[in-house]
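Presented sequentially are two complexes of chain A, the first with chain B as partner and the second with chain C.
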Partner chain A sequence: MSSIFSKDISRRSVLAGAGAFGAASLAFPNMAVSADGSVLTIRSYSDLQLLDPAFWLSLPEADIMRSIFAPLVSNQSGDEWAWRPVAVDSIEQLDDLTIAFKLRDKIGFTDGYGQMTADDVKFSIERIADPANESPYAGDWSALKEVEVKDTLSGLIHLKNKFVPLWTTTLPTPASCIVSRKAVGELGGKIGTEPVAQSGPYLLTEWVPKQKTVLTRNPDWAYEQGGYEEIHILPIEDPATAELGFEAGDLDYTWTSVSSLPRLKENPPAGSVVVEKPSLAYVWLGMNKDNETLKDVRIRRAIQHAIDREIVVDAAYFGAASVGNGIIAPGLPGSRDSVTYDYDPDKARALLEEAGATNLTVTLDILNQSERLTAAQVIQANLADVGINCEIKQNDSGTFWTLGSKDGDYFMDLQLVLSRFSMNPDPSWATVWFTPEQVGVWNWERFNDADYKALHEEGLVESDPAKRDEIYRKMQDLMDESGCYVFLTHEVVGLIHKDTVDPGLKPNGEPLLPLFKPA
Partner chain B sequence: MSEVVSNPPGRVAEIWRPIRKILREPLGALGLFLVLLVIFGAVFADFLTSYDPTRINPRARFQGPGAEHLLGTDQLGRDLFARVLHGGRIALYVALVSTAVSLAIGIVLGLIAGYGPRWLDNLMILLFDAMKSFPTVMLALALVTLMGPSLTAVMVVVILVTVPGYARIIRTQTIALKSSEYVTAAQSMGASSARILRVHILPNVIGPLVILASMDIPVVIGIEAGMSFLGLGVRPPTPSWGSILNDGFTGIRDSAWIAIAGGVPIIITTLGFTFLGETLRDVFDPRLKGR
Partner chain C sequence: MLTYFVKRLGLAAVIVSVAMFLLFCMIYLIPGDPASVALGPRATEEMRAALREKMGLNQPVILQFWNFYVGAWTGDLGEEVLSGRPVMTVVLEQLPFTLALIAGGITWSVALGIPLGCWAAVSRGSTADRIVGILSVAVIAVPSFVIAIYALLIFAVQLRWLPAIGAGEPGNLGDQLTHLILPSLAVGLGWVGYIARMVRASMLEVLEASHIRTARAFGLPDRMITYRYALSIAILPTVTLLGVGIGQMLSSAVFAEIVFARPGVGKLVYDAILTRNFPVVTGTVLVTTVLFVLLNLVADLIIGALDPRVRSSF
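Let's turn to the complex of A and B:
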């Protein structure tokens, strides 16, 4: 009986085989990766730190969680903000205070944690809302009264009061991801980077810190299948590096830096599609009002007047983005046309003199990215112009996103920080991060204003667009008055993908991983 | 017949002789020229350009090399020629100061290890090996986490990375010399250990170390540039060749002159010090010539 193993294998034949393989790889560079569309390789701008719907830290974690923990609903791909059911067979708002849901009957948790039930829904939502758990996302469920379990698969979500952003910024976000009560209990109440009891269309099967996260199609998922057998997510912080990776064929999809968009649109790499989307995100310079150096509001106001926002944005994004005037992007209620401070270096100098601030030195913390560094250097030059010495401190993403946390040891030393928050399509999802409850969580400026909080709560129950517009404008005026903020831009979203990929994207360009499919 | 007696060589001639030897070697002459070029640029930066290397002018960003800006401008409109010259100051400052400090520490530790008791030698060897086993990048990251990114952090990294090498060489040479006849004679005449180390051993071990240090300078410049490239070195807006490279890396397809402006000085300096160091080694130890 012949066998392939009976053939002679010489050193020469091995070398010839290796050579042929190498030549084939060169001739068909993508073949080894995704010849049949089975593997999608994408870039995320940060690595995993927490895969817990109640405590996640960054957008890439949210993308992964919505893939591995089936949410009640998720966003729909396209240019309109819409949602689609994922874990539910049906979900509807019965009245202002009641939402009825019925789970799909074939969703199970991995690792032997059984079927997903209405009790798991109750647990998942109430643990986010429970103040005792100190979830940064408690605001998403601030109107929750309770989740009532009707039977194994059905239940009612009861609200204390009308909650306008429920269908835009609560349900389609990780706030509706369902986790197993039993599994989370066994983990001690918090999920880390090794999720158990996964339930979504994909499973997290491999995580190599700082290198790769692999999602694999969930073989037990009985509903709409993800478009790829595997999704490889490579954490690459700098978008310029990611662009080089894309052009080298290592990535199928990536966000680009905003500043690269004009160049990429003009000369897209062969076999690629460049997409520009309106962004809801907001970028600002924050000032920690509780820091000893910045306690005096006159100093903070001086910094507001010292910064030429037009130049900062133009320099950082090479003209691809325009100046923003708050935390709420154009098109949403509350978007402003201007801020309440202007670029006036003389006024800044006068305020500093009035405050008796001479030889002032401040530290500006930034994420280690080229656009942020460029913006920071313009801010540094603007501040030097009014007599403030500014030292720029670059941080990797792991360090940066914990700088203002009250659990760390730097939050009081933090002085100036250049931040960018992503956003969902309701103004309340921007304002919620600056409420007093968020001080030391996401509110690193430690801005603490009772009127602001009252207005935020008013906005959550107000459905008249004109009144909401007024409320949210007023809130941003209060932020201006505090001197804690210099609003810079909403950016635009730039992304690039191979023409063999049909990406699933929200209207603002954020990825919906299960909806990516081969073109 | 009168006897011709040659004059003993003067001090100037003593200095000039190795320089002549270096100049006779083509690579040595090139190395010396490149090193002097970099030093000249760094020392006379203020006279060679009227541009402030930190002055931003976004309206003049991404201008290619030309009469107005010899090496062009970067993404903030800063003159790259000025930044390269001033970046040279940082590179040379880090290289010379930290190498000098490393040499001093390495010499002291090496002498103590080589001349001291056996147990101390073993302990110090353990220390040197432990320091040497740390990957440079990991060490840099750890130190920057503790100290924050700064020029001092870069210099501490360089010192920690290079001291064990110098100390080990001095130790080996000291062990070889401490049983030599003239050292034994000095001991029998009651000379103190400090005197023996300073007068009899140090002058005989320091030569090869200086050559080694000159060859380490490109490595040090590489460490500084690498750390600044990663944002762990000098803080903006202070120019550094590494940070210029980083600025250029972002737009390498459309404005390659920025990366070139950051990269070429590193190449020139590295080649210059390497050629010079190699030639110095050949001059002072002809047995190694061509190896």
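Let's turn to the complex of A and C:
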């Protein structure tokens, strides 16, 4: 038998293949997508899984849903948190408990589901609020009593009680996206990854899992047109990959990592604009007050005084972020200019001595990200300086996000934890996670304060901005006093886009896809 | 030959079963609650409990394994936790991208490794031989993700000859090939070194064989002796090496898929592990394990076809 190699087929075909491979690289040079008004290519950090306003999972899905299911209102692009009408011709608060709306008369659903009506609004909102549907977003409409249909296009949203965050964190979110009652009914009550009865300025026309999602201008949309004929959304989890993709010309817009921001600002790629936006996120070092080692408040206060927050933040974010003083971001009611503790290692040592804590060893749990690790290492050094030995424990995201859960077996062993939450532009979105009900859920410090809880409830119904400001400042003061928190930063949001693109962005840099347009 | 084939298939089934059981045990030993990760912070405890129930997480591990095992034999790998899409569909959507990546990697490694190995062997002791030796060890030593990042920086960012991210337009073969060049280079370059070393060593051995000496005595051209008579025998260990190497390339594919933001089973299983999407993890690993075992089987059969001595032992 002659071997296949004896005919030289392999060698020659291999060489020919290699040649073809090389030729292909020359024949098909990098095809950067145009940003000239036809196609916009952007990055999202995850692929879509559910396109249902009642059950969505990630921000990229929210961006898409607001584009394909017309919401009553959406955020305005700019530096101020404001809203703009999308599906409504008019919407106004008649009194504390009533909102009147009238839909635009030329909005139709695709796939033959007819005109969008007030009954669809009633269905869309009430299905989120209905506890029987188990929507994770039921809280957005927790104050809802009912939606009353007045006629085909008009209706009233009735509330059970006054709910101040309605206009900032409920209506301009997917919680006001309108879906077709008939279409969702036919789907069995839940929308998956193939939306039907779309109604927004864009239509989802293609989804290739893990590759891209294509939004195309809705030809039947009679109002403000999207700036691009098509928007291609590429799921890229790793920000460094996205940055390289941008520099290679494959993307028109992407978020960047905070640590890349100084480098990109200093040397922006040709033809690009680097943007820095204030973030709503908050990063803090939490201390579990029910842990045996940390139950003495003097030890927790000592740790507060031991940590040089400025150096921690500078080291972790390469100087791109500034120190934060609470959980409420600057610009929102309740944002503070300072905390009630200062960096004072001597005071920390004195408190430890007073508490009789010698040779103290604590564990600091973090998510396995470089910024967190750097911050943790500085904290470790700070604690060593006052005589506390700190061991850093890195966790993958799947493990990390269950560390303090009462369903697990680690929540009482948890000692120090470096956490980051994000929020919507209302202070109640930050404070809600630290109420007594959240102990063992997301309140891993097990901070349990009845006054805090009462203030949180008060803040939800207080519409006077000055009084709200006072309420939320007081709540953060209580958090300081507990000794459970060292507030570190609100981070910043880094973005980069081609100079041929005028991005539509919320004040915190989150994209508003229909508002992107050619520069 | 048929008996050998059936025996190998039976062994493959046992290997896959054991691998799946080990995987199941590992999955359920790691900390983290899939329901919490999947549903996010705003889900209530009732919702998390309902999802755990739906995923079958309340059942004993052995029962979960058995259900999965029985389902797998009928092609039912379960459903993705949240979207409800069949895992088989999800995996099969991604598998071609990984197969293309591995095929590309093998192409690079064979296209460069075999000629380099032959060249080094016929130039034994020369400067060229030493240079090939140094280069081979160097590319073996450099991790594939480092190659990936530098290839990306040079050819995509700096020179802009090749795209940096994605897998190309569906249906556009040229675009897909262009998107394959850098990731497959990253996956295959390390294997260029392995193959060059292996081919060189085998060639040196074969070139000393009596039939080669006979061929030389008959005055056959060196080129014909090297490539027709020596390489056809020296290539056999390389085929075996490539069979094993496919498993290694599957690992490298994870890095390449992340760095180049390509779809593929590597990234799919990586994301699924992070989100504790157990059905996707088990389904993907099952498919890749079966693939690996089958490819090794194919490698063995190719060796049997190439080498009469092996074939006669069937």
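FYI, the second predicted complex is superposed on the first by the 296 of 519 C-alpha atoms of A that agree within 3 Å, B and C clash if a C-alpha of one lies under 4 Å from a C-alpha of the other, contacts with A are read in each partner's own complex, and residues count from 1 in each chain.
Basically, contacts are C-beta pairs under 8 Å (C-beta built on N, C-alpha and C of every residue); 3 or more make two chains touch, one makes a residue touch a chain.
Values in this document were obtained by computation on a predicted structure and should not be read as measured data.
Set against each other, chain B and chain C differ in how many residues of chain A they touch, and the higher count belongs to C. Contact with neither chain B nor chain C is seen for A:Tyr253 once the two complexes are overlaid on the shared chain. Within the superposed three-chain model, A:Gly139 lies in touch with chain C and out of touch with chain B [touch as defined at top].
In the superposition on chain A, no contact is made by A:Phe434 with either chain B or chain C. Of the two partner chains, chain C is the only one that A:Ala242 touches; chain B does not reach it. Once the two complexes are overlaid on the shared chain, A:Phe411 sits clear of chain B and of chain C alike. By the document's definition of touching, neither partner reaches A:Phe69: not chain B, not chain C. Shared-chain residue A:Trp284: touches no atom of chain B or chain C. Overlap of the chain B and chain C interfaces on chain A comprises residues 399. Those residues of chain A that touch chain C in the complex are listed here as 1, 3-6, 8, 11, 14-15, 17-18, 21, 24-32, 49-50, 57, 134, 136-137, 139, 192-193, 208-212, 234-238, 241-242, 244-245, 247-251, 396-399, 401-402, 405, 407-408, 410, 421, 433, 441-442. Residues 54-56, 58, 61, 75-76, 145, 148-149, 230-232, 235-237, 246-247, 249-251, 253-254 of chain B are the ones that touch chain A when the two sit in their complex. Those residues of chain A lying in contact with chain B across their complex are 240, 257, 259, 263, 311, 314-315, 318, 368, 370, 373-374, 376-378, 380-381, 391-394, 399. Remark: chain C residues 30-34, 36-48, 50, 82-85, 90, 93-94, 107-108, 110-112, 114-115, 152-153, 156-157, 160-167, 170, 174-175, 177-178, 181, 227-229, 231-233, 235, 258-261, 263-264, 267-268, 271, 273-276, 305-306, 308 touch chain A in the complex.
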